[in-house]
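Below is the structure I would like to discuss, written out as structure tokens.
We call the chains A, B, C, D and E, going by the order they appear; numbering starts again at 1 in every chain.
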Amino acid sequence: MLKVDKVVKEFNGFRAVDECSFEVKKNTITGLIGPNGAGKTTMFNLIAGSLKADQGEVYFSDQKVNSFAAYKIARLGLARTFQIPKTLKKMTVLENLMLVPGGQSGENIWNSWFKSSKVKAEEKENESRAYRVLKFLELTHVADVLAANLSGGQKKLLELGRALMADPELILLDEPGAGVNPTLLNKIAKNILKLKEKGKTILLIEHNMDLIMNICDRVIVMNDGKHLVDGTPAEVKSNPRVLEAYLGEKTA
Amino acid sequence: MTLGGIFSYLVFFLIFTGIYAVMTLALNMQRGFAGLFNIGIAGFWAVGSYTSAIMTTPPSAEHLGGYNLPFVLGLLAAGLVAALLAFLIGIPTIKLREDYLGIATIGIAEIIRLVIKNEEWLSNGVRGIAGIPKPMAGFLGHNYNIFFLLIVVLIIAIFFYLSEKGINSPWGRVLRAIREEEEVVKAAGKNVVRYRMEAFVLGAFMMGVGGALYAHFTSFISPEAFKPMQATFLVWIMLIIGGSANNFGSLVGALLTWGIWTGTEFLTGMLPAAYTTQASALRVILIGVFLEIILLSRPQGLFGEKKYSASSSKS
Amino acid sequence: MLKINDIYAGYGEIEIIHGISLEVKEGEIVSIVGPNGSGKSTLLKSIFSLVDIMKGNIDYLGTDLTKLGTDKMIEQGLSFVPQTDNVFPTLTVAENLELGAYVSNKNLKDRFDLIYSLFPPLVEKRKKKAGTLSGGQRQMVAFGRALVMEPKLLLLDEPTAGLAPMFIDLILDKVVEINKTGVSILMVEQNAKKALAMSDRGYVLAAGEKKYEDSGKGLLENEEVAQLFLGG
Amino acid sequence: QDTVKIGTLVPMTGGLASYGQFTRNGTLLAQKIINDQGGILGGKKLELVNVDTQTNPQSGVDGAQKLVSVSGVNAIVGALSSGVTIPVAESVTVPGEVVLISPASTSPILTTLDDNGYVFRTVPSDSLQGVVAANLASNRLDYDKLAIIYVNNDYGQGLNDAIVEQFEKNGGEITASIAFEPNKVSYRSELMEAAKDSPDALLLVAYTDDGGITIIRQALENGYFDKFIFTDGLKAPEITEGVEQYLEGMYGTAPTSMPGGNGPEIFKNLYEKEFGEIPPKPYIDTSFDATFVLALAIEKAGSTDGTAIRDALGEVLSEDGMVVNINEWNKAKDLIKAGQKIRYEGASGPVLFNQAGDSMGAIGIWKIKDGDIVNDSVEVQ
Amino acid sequence: MAVQLFLNGVILGSIIALGAIGLSLIYGILKFGHFAHGDLMTLGAYFAFLFKVQLALPFWLAFILAAMLTALVAIILNFVLYRHLRKRDSVIVMISSVGAALIIRNIILLFWGPQNKFYDKAIQMPIILGDGFLRIKENQIVILILALILVIAVHLFLTRTKLGKAMRAMADNIDLAQITGINTERVIIWTWAMSGVLTAAAGILLAFDTHLTPVMGWNLLLPLFAAVILGGIGSPYGAMFGGLVIGISQEMSTLVISAAYKPAVAFTIMILMLIIKPSGLMGKKVS
């Protein structure tokens, strides 16, 4: 599904991602963990096309996507969330979600002028889908609130909501749990599992080890931009190198 | 002051307001909806004016053309050439941060003005192009201005309708989203550059048509008409006063601003003749003061930002 | 030392906090927990007058904070780490920390050293712009900046969000340690169990109102609270 | 109605503001003379209604329409720049059958404008002056190589073209012909370019306030030129202020009165009595004349109807009419009553319109002597 | 010839640079293009005219008084207008500054009239170096020295003082700056004061080299913006550098293109710059 091969990304001589390779199998939940600054978010940006790798290759759905623009990669069936939430501030929460689905015929100005009935029908469908996502994220009551006026945690939820709206093959989640209330997080975890049941693939960055342990099939650990180890959650958790680099003694 | 006189001035006033309203609608398309910071309106205005002038005047040794085409083709050509210009400008600049696009457009507008001023083969240089045809003028005689006003209103209606329709559709939603946060739109698989370009080009098309209307109405154009204050900033003031991202506000903003711009003349005209110089300076100061008062008391514009919605059940 | 008396606050016309009272005594650690959007951040911000206060007052060591300028609050020993946008992106890490000492004229070199020793990843980023840091690194900078001034009361809005497990423990340990030196702490945490475990007192907010108030332990043992707010 | 209204359309703000104020004074002086001498159309007062063009066509056209529709004028003096005058004519005054006399627009387009005879000007077109200036350079001053710097508008352009043509016809060489943007801070590079092929002198086509003075000073300071020929826009004592010794003996050209006429002198005196020292600006006199001849035409027409005024303008003025000086309104009225034609010895020289409504003035040569500007000779065309 | 053009460019460039520094600071901190900057510059020059010519004070005193008065006007603008619009879209503040520009320019027109004015009617003959190879006026030497002094002062201010650091912090995040204990209102006032002084200096030096007209600053506004963009918005050093580049290239451009297109040079450079390196020569790229 996704393969990252010896990818390198430098910022002014600083190697944020350093010859990192790994693979994500279809229909799995894979955790991507590592200390702060390990290069996880950078890796997401490289996969999603927001950044271009200096070296190495990224394959997604059997295509080499290194040089693809971000929107093209997204169209291949990839959705991602941002660690630091990015919202459409002056648009409502509902609109934030309705923006996302691909292939809306009304996104073409010509259609919007001259094929309005078709556009309207699609919109209805789109809207009810958005409401379903909102309901799940406990955001229905803020559907008409401008995204700028959401709380920090609500913004993170909106990030997740957008990824859900996209209906992609592969979802990259960057710390969906940070700042989210634990009760709601449990619910989110369950939903991520449901997504897997539906055949989706998920790559998940998270510092909440409980979440990782509970839902991941595999865990990849990054450190200093490099691929440190990978394995099942249990293997990783007891790996001394991971303990040293990431978990610290106490948690172990 | 006769009733007939007042009526005829009103018609005239509305024609100018209308031409500015076309510009304001166009700017709203670019700025209000797509967040594109175009402060080079004068450039598109000029290109529209000159294109239509060259297309519709009879052949002349003094400038390119004329091609003696009908008025309607002149308008269309004006829109298209302005749109083409926008496209060319857009290729290198549309990706840039908004301030940069702004400064680039104002720079290009100045360059266009210099070209018009200095390339005589093209535009007859500083002497300008005269005798731009007034459609059906001979036929209509004294009622000509009413007829022209109808043309202007018709064009505003078309642009208004298309703009509203576009902005209330998913297309408009993508545009507004781009204005807020490009990364999100990209991550949703939408080609940001294409959408911005569409809005930029569409707005430029409207500006070009507006420029053509101006040229045909005044029948003469020269580089003097395309200075930043009257041809760019005034339109911005209209947009902001009406309320950005609100088409209806754009129209009212144009009306009110042009009203203030010309209406202050009646106020300062009451001062004795000996104070004419001071009166005129005072008048411009007054315009500035009015503007500031409106901005301070209604910073969101008279009509604020309209809630646009692409969903059928909400609109 | 800090007493919030029946405060109503919000954004413009919108009222978010509907009459909350809360107290932090000298030397206490107090936690606020609650669902997303319940008004926790708004409450913290209201202490710093960063939102519109409609009613109520906030007493800090005898002065009414709602009438005090922010720079004065800092001088009087308040320090605040906001939840979002809490670093200066185009300033370097070192400059970010220096700004923590803006109102002071003292030489605070040892304070900086202390912060670097606390967060070793920042050492090599010293001269780097904070905007280039990873999410967790930013959180460290923000926390570090609040410590520079040796505050009397530290307000923390989700200080551990986005941090790797070892740093979560580190920060929370540090909070306890600082607290031992006499600094009072008021924090919002979604890492609620850990936070409440170390708190003298805790408040649970929901929909802009105070739902529960108890000792940290008391809240942890409260079945209902655990179910609704602490993830079972 | 006990007043007769004439509109004045001059820039009081914007780029040409520094001319507008005095242009306006010129019209006011004419108004005063007429009203002091018993008014117009049987004792009515002449009233001038002014609007500001802001030196741009959008506001100018709007202002003109206000004059016509709201103030109800049928005759307008203005505007200054051709860029405003022509659109005003095209979209307001010609369709509205209102007479327009520009005191300053020199564009050749005005000559050929399809205006039904409603558009006139009291300033001679550029070509006359250009020929005189070129002849001055080649014949009187014996220059073979000339550099021209001209202001980049229709005035500058027109003069430049005429000068180049005539000077080359005279066998001279134009080493450089450079347009400058008005109101820039530095013209040193333009000057440097102009001085490149060591021409004998610099012919400067400019206004004082648009950069003309700056160019003279920067030319002197940097030693690019020490010989100059000026055109009418620079016929102003302020060009010599502080640089008298360098400009002594330089020549210039300007539209002027015919030999024998003393309109300009009378005008100067009257103006100074009314407004204080007369500023060194062009178009004050031509705007006076525009107002005065409009009044003559109205008196002749016996009405304020635009078409009647237009026709009367053609009839009342004649080369071999009875001489009327600018302070002789009463005399003019009497002559008109008697059905006589008038030869108007205007403030800017005799005013006569040809078929196209252009003024057929004379061009004079002036010179700087002891730091002052003095008239040297008149070249009759 | 090229050398002479270069020198002329340096002089024009230093004047542009002075104006651009203040513009850049405001752009960086308050996040809007201040379109009244050019007219503030004009105002500074006319204030100096008032003191030097109308009140016959010595030049240095007139310079200082005019700079202070201009700073005061800038602060007043902040208080009356911009402060109230700070939380709004930057375009609204920008439009407000266009209004301010109109007001200032016409107040100048009202008080001083539209005619050109000079600090000194007599011209100054240049010092001729190397047999006419290079000519420079005493005034121009004064301009260069003053500009240099001001630029150094700005540099020291920004790097050595807390206020300077606070300005940069505010450029990043005003809200955060506030909770760090920075008295943001005061820093903003200082910013306006500083830009006021610098822009007045630019105006005075410009008028000193040439003349005064009510449109002098408005005409220079676009080159000022070009310099700011060229240097990277919010970077005072970039603005200095940008100013020099604009000044020099504008003057030297006449070697290759017609002088009629001289005003276009600034924009062409700027647009090329935007295409090649959008963050500006000295600008920083931030996520």
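To be clear about the criterion, a contact is a pair of C-beta atoms (placed from the backbone, for glycine too) under 8 Å apart; a residue touches a chain by one contact, two chains touch by 3 or more.
Small disclaimer: the values here were computed from a predicted structure and weren't measured.
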- Task: Going chain by chain, each one touching the next, work out the least steps from chain B to chain C.
- Result: 2
- Higher C-beta contact count, B-E or C-E? B-E
- Query: Any idea how many Å lie between the Cα centroids of chain A and chain B?
  - Reply: 43
- Inter-centroid spacing, chain D versus chain B (mean Cα positions, whole Å): 34
- Note on the structure: Among all residues of chain E, those touching at least two other chains are 106, 109, 113, 258, 260, 263
- Name the residues of chain A that each touch 2 or more other chains. none
- Message: Which positions in chain D are in touch with at least two other chains?
- Response: 13, 17, 20-21, 152, 179
- Task: Mind listing each pair of touching chains for me?
- Result: A-B, A-C, B-D, B-E, C-E, D-E
- For chain B, which residues are in contact with chain E within the complex? 31, 37, 92-93, 95-97, 99-100, 102-104, 106-108, 110-111, 114, 117-118, 233, 236-237, 240, 244, 277-278, 281-282, 284-285, 287-289, 291-292, 295-296, 299-300
- chain C residues touching chain A - in the complex, by the definition given at the top: 11, 14, 34-42, 83-84, 121, 128, 132-137, 139-140, 157-158, 161-170, 190, 192-193, 227-232
- So in the complex, which bits of chain B are touching chain A? 162, 165-166, 169-174, 176-177, 179-181, 183-192, 198, 202, 305, 309-313
- Task: Spell out the part of chain A that touches chain B in their complex, as residue ranges.
- Result: 48, 50, 69-72, 74-75, 79-80, 82, 86-91, 94-95, 98-100, 102, 104, 106-109, 111-113, 116, 119-120, 122-124, 126-127, 162, 166
- The answer for chain C against chain E in the complex is residues 48, 50, 69-71, 73-75, 80, 82, 85-91, 95, 98-100, 102-103, 129, 131-132, 145
